[in-house]
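The following pair of complexes shares a single chain, subunit A, combined with subunit B in the former and subunit C in the latter.
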Partner chain A sequence: MPPLARRLTRRLALTLFVLWGAATFAFAGMRLVPGDPARVIAGGVQANATPQVLDAIRDEYGLREPIVVQYARFLGRLLRADLGGSYQLGRPVSRVIGEQIGATLALAAGAAALGFGLAVALATLTAGRPRLRALSRAVEFCSISTPNFWIGILLLAAFSFHLGWFPVIGDDGPAALVLPCAALALPIAGVLAQVTREGLERALDQPFALTARARGATEHRIRVRHALRHAALPVLTLSGWVLGELLAGTVVVETVFARQGLGHVVVAAVRGRDFPVVTGVVVLSALVFSLINIAVDLLYGLADPRIGAAA
Partner chain B sequence: MSGDHPSAPLLEVAGLSVAFATRHGVVRAVRDVDLSLRAGECLAVVGESGSGKSVTARALLGLAGAGARVTARTLAFEGRDLRTLGGGQWRRLRGRRIGYVLQDALTSLDPLRRVGLEVAEALEVHGLARRDDLDDQVIRLLTEVGVPDPRVRFLQYPHELSGGLRQRALIASAIAAGPALLVADEPTTALDVTVQAQVLGLLEERRRRGTALLLISHDLAVVARLADQVAVMFAGEVVERGPAAALLSSPAHPYTADLLAAVPGLDDPDAPDATDGPEAPHGPDASDARGGPGGPGGPVRGLPIVRTGPAATTGCPYAPRCALADDRCRSEPPPPVSYGEGGPEGEDHMVRCFHPGRERPAAAFETPVAPVRVKNRAVVSVRGITKRYRSPDGSRRTAVGDVSFDLRAGEALGLVGESGSGKSTTARIVLAEIVPDTGTVLLDGEPWSGLRERDRRSRRSRIQLVDQDPLSSFDPRFTVERVVGEAVPGRMPRRRRRERAAALLGQVGLDPALLDRVPARLSGGQRQRVAIARALAPGPEVLVCDEPVSALDVTVQAQILALLARLRREAGVALLFISHDLGVVRQVCDRVAVMKDGRLVETGAVADVFRAPRAAYTAELLAAVPRIDPGRTAGERPHAAVTLEGHP
Partner chain C sequence: MSAAPDAVTGGPYEPARLPATRACLTRVGLPRPGVALAVAFFALVCLAAAFPSAFAHAPDQVNPALALRGPTAGHPLGTDQLGRDVLARLVFGARPSLLVGVGSTLLAGVAGAAWGLLAALGGRVAGEAAMRLADVLLSFPAVLMALLVVAVLGPGTRNAALAITVALAPGFARVVRAQALVVRGSSYVRAAVGLGLAPARILLRHIAPNVVAPLLILATVNVGTALIAGASLSFLGLGPQPPAPEWGAMLAQSRDYLDVSWTLALFPGAAITLTVMSATVAGRALQDRYEGREAR
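Moving on, here comes the complex of A and B:
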């Protein structure tokens, strides 16, 4: 088998293992929390379900069976890509997720693009220039240390209430996406800019940068054509972290901006102990994580030809 | 263009000074340097690390760096005053009229860009090629510098090329726009001797075609072949400058003479060589003497710190290391004076010395001692070891193939080969760091390589390693006392351990006052001495020295080699001496084993192998070693003096 295929096979096998682990943890987590699942399905403690109703639910959902059998059933359904039905919403989990994922993807993708773009621009402009760098670092530290929701509120106050440039809430049209994306992207951009700048400065210190200068290349050319690619490696390594930040951030940002999305669904599901929905989102997140990491792994080889040869 | 007139110099530099403002004060890296270079001529600037030679070269390209203050009375190239150039004007000059080649093309070519793109860059930025013509031009350039299969190489990355091909590609990128001047900063330092000869041949070819060459090197022997003029730099000053033939045959400055004496020679085995030269117990190291690392200011960019106070202006910078120095040398700086009759065309031979050309006192040299008695008992027996590695593409590569040799007690055996020949892998197998696939290593006739580490541990002290880069083998937070003391076996109170460490430092010629220093504040030579002291601490029978002097300046290198020779006599340790440098092996070793592609091609007594090599490869290696012809006299055509084979 060629090395690339061998590597991909190994990574995909690892992905399956990760999915199994994530699903198992979700299963265990929901079952370990005290309380009777049947009551949750019946509508919570307040619903005052009769014992007959609870018994019927236990039969229907197989809650009387030993936990091992329930676990095996759960895995069996998962293998058929059946995430089950939501306890609270009474609809298949896959449809619940399907309806909401578009809005969240748009938000996350927009924020990622904005975060990376902002970071690269900042770093390229300020690397190796002490005064600009000091200014940029101050801004970056502010954005790193401010929570998403507070950035969101500040952005809303400035650009929606005061200036009226963007809608306050809702999710219609690209204009409504700008502020949520910015709120999500700023802390990420702060960290990425620092990492990118360090990579750039290290690259600019290398003999090849001196060689390029000696060929008469402009500073801009040396940064963009030579150094930036060297800075890409540590930034790529952070992609997993960025994804985590985005997932966690969407929950908050969707709440602040009153947007539709998975974040909303998860918050409701966890609060209501809607076990199938939580499991579905966890498994989906694990899958996205794994796939992104495989993509990053392949991108390493593209960004640095030496890695492709060594791996 | 004034460069077209043969008499007018292409490059004229007078009173060039470069100063860096640092936290530790102003570092005057280059002081009052005069140079001049005509079209088609080669000027070699020679000096040790920190002498300011690279800074001088970069100043000529306007690349002395941020924070550098460059001043000069004259700084003219092709009749243009470089002192008044703006950023854009410099850029139009760089790459187009002045090409620049750095050492080690692995880092000097962008490792993430294809070779073709790198070569094309100068053409691109100066708009010298149309887009559809660019590839053809690059391929033509690669062909011109002797890169085989240019159409394949063009699309490869630097790491996929051998060191020699990389350096050729780098030269191609520097000459792409047809510059009138090529500045080459240590262009062959990282290369094996045979490849070095080829690259020098390539540069010679450029000069023949009319490109002026400014060649920078720490190695006089390398530049001797090419240079018409030589300028020797020390501590930021040109201490001697003149026609190559005159300067090399009758050096006027004691530093030049020391440099020449320190060049490891291949030709005069019986002469009292430099190994027994300037090494003196407790003698200050090179960098110490000029107040470098370890001085009160600390190291800055590897440059000597020259205080701007009164101390800076008093005395000759070489006085602390000079055997001829007297009170006048220490109190007033020697002005430049003419020496000898100069060159055949009336070129000036300048020297900054109060005692130009005077014989250095013989007392500075240790007298050669009786040869070491080698016992006929093998301490290390290597029996048919083989080690294979899997390549990235899945094929298996033989790093070491069926190698056998004996190292006798008290003997010094040189293991010579080019990079990739398997000599370091062999050393690591001897040290039992890695286990051979087949074959065995015996230590004192007992099993060694096949044992479990637990069974080896008690005997580890008998065989010790001295590495090429000692700094990375020291814990940076440890003091010298801890580095050396830790290696002393057994339990003992701290004071006794400190005494032992101090005694070991004395044994390697270091002042015990260094015990409290951290390694980063030692000079290169001092670090290597500490590494040797640490290796000696457990009282070994065998020292494995892996390129122990490759990273050092020639004069310091000579001191370390002298130290190793002395330790062999005094402590009776056997040396397994690994080096790519035949001259170094010639000085230290009794026997030599030559490796190529993982196999031993020749083993024998040093004298025999160097006089009459049996293997063709050994002959090739010997022929490629740059050397200064001892019979060469002033007035001879300089570049005819050195005979070299194997260049393209």
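Moving on, here comes the complex of A and C:
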């Protein structure tokens, strides 16, 4: 097998292992809940479900069977991409996820674009310029240390309530996407800008930058055309981290701006212990996370041909 | 790319380094007075967490007549929707906030150290199992991991802290394992083995101290992340439950009164951010000092 195919096979095998692990954690979690699972499904201990209702629930969810059989059933359904039905919403989890994923993807994609764009712009402007760099570092440090929900609330207070430029809640139209994306992107941009600038400064010290300068290329051209590509690699390494931050951030930001989306759904599910929904979102995000990491691995070769040659 | 073999052990040489993100997060470059200020502020927050009544009184005293006022002489930071004093609630909120943020980091440090040492020194099967478990846990985002744990345990201060512990520990375990492998291959440990010292003595006197220092630094640098994660959980209503004052929870309540009083959202957020900043600056100063001393 060629090395690339072998590496890909190994990564995919690891992904399957990880998915199995995530599903098993989720299943164990469901069964580790103190108390009777049937009561949890019926709406918690407070809800006074009659014994008949509890019996019906036990039959419906197969809770009387040995735990090994339940586990095997659970994995079997998962293999057919059947995530089960939500306890609270009374609908299949896959449908719930399907309905909500669009809003979350729009938010995450917008934030990622804004974050990367801001970072590259900041880094290109400030790399190798001590005064600007010091200023930019201070700003980046502030944005990294600020929780994104506070940024969101401050943006809401200033631009929605005070100035009235953007809608206060809701998710229709691109205008409603601006503030949530900004709240989500700012902390990410802070980290990415630092990493990009470091890569740029390293690249600008190299002989090829000197060569380009000697040929009479403008400073701007050297930075954008020549050095930026070299700074891309360490930034690419952070893609997995960015995705994690985005997934975590959407949960919080959707709550701040009262938006629809997966984050909103998963918080409600965690509060109500709606395990099929929590399991579905966890397994799905583990899958996305693994696939993105594999894609990044493949992109290394494109960004820096030397890596592909060496591997 | 294959790692160069270590001259002593012949095995692959694994330098113990902080993960790239964390190292970059801390590259701040503040002058010395900044460090002193940060340490002083963090100490003040810790004092408030330890002895809140020395700084303020009656965080739960309701006074509807004074609800949602801005800063006044009697209430320097204003009052919330029930007329409670925001300053008092901030002071009393320091304890749960730090418990979730700092407590979870400490717990994760201890668990991660045990886990990483087991993986490095516990034999092939145990080591493989321990590291594959860490791979699985690290393969989905920490906050989702924490949400899963809260879903199982239910909301609350202790459970939120445990959730963040579970999310942080595998990362610490990786660093400890890498460092322990380096130390195990070092000549002084080989000398101790050659001298016939008891394994327990080698582990405690020779290996542990050299593994603990990098872990402590990583943990300090991570306090900021843990503080934000804890505040996020309580912002989502999964941490300390009302009426307990907690910074994230206070922010969540202020969201509903933004049109009336925007200062209500200002102070709890500033408390979180300043604490995160001071912890990060202090951790980074510690790191510099340690690395400087190491390089000499």
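Convention: the second predicted complex is superposed on the first by the 309 of 311 C-alpha atoms of A that agree within 3 Å, B and C clash if a C-alpha of one lies under 4 Å from a C-alpha of the other, contacts with A are read in each partner's own complex, and residues count from 1 in each chain.
Note that in this section a residue touches a chain if its C-beta (ideal position, glycine included) is under 8 Å from a C-beta of that chain, and two chains touch if they have at least 3 such contacts.
Since the model is a prediction, treat every value here as computed from it, not as a measurement.
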* For A:273, decide between first (touching subunit B), second (touching subunit C), both and neither. => second
* To do: With the two complexes superposed on chain A, say which partner A:216 touches: subunit B (first), subunit C (second), both, or neither.
  => first
* **Contacts of A:18 with subunit B and subunit C, given as first, second, both or neither** => second
* To do: Please indicate which partner A:73 is in contact with in the superposed arrangement: first for subunit B, second for subunit C, both, or neither.
  => neither
* **subunit B or subunit C, by number of subunit A residues touched** => C
* Asked: When the two structures are overlaid on chain A, which partner does A:304 contact: first (subunit B), second (subunit C), both, or neither?
  -> first
* Asked: For subunit A, which residues belong to both interfaces, subunit B and subunit C?
  -> 310-311
* Contact footprint of subunit B on subunit A as seen in their complex -> 3, 206-208, 210-218, 221, 225-226, 229-230, 303-306, 309-311
* Asked: Where on subunit B does subunit A make contact in their complex?
  -> 58, 61, 63, 91-96, 98-100, 102, 104, 107-113, 121-122, 125-126, 157, 159-160, 170, 173-174, 176-177, 392-394
* **Of all residues in subunit C, those that touch subunit A in their complex** => 1, 20-21, 24-25, 27-29, 132-133, 135-136, 139-144, 147-152, 154-155, 224, 228, 231-232, 235-238, 248, 251, 254-255, 258-259, 262, 265-266, 269, 272-273, 276-277, 280
* **subunit C contact footprint on subunit A (complex, rising order)** => 14, 17-18, 21-22, 25-26, 29-30, 32-33, 134, 137, 141-142, 144-147, 149-150, 153-154, 156-157, 161-162, 191, 194-195, 198, 234, 237-238, 241, 243-245, 247-248, 251-252, 255-256, 266-267, 269-271, 273, 275, 278, 281-282, 285-286, 289-290, 310-311
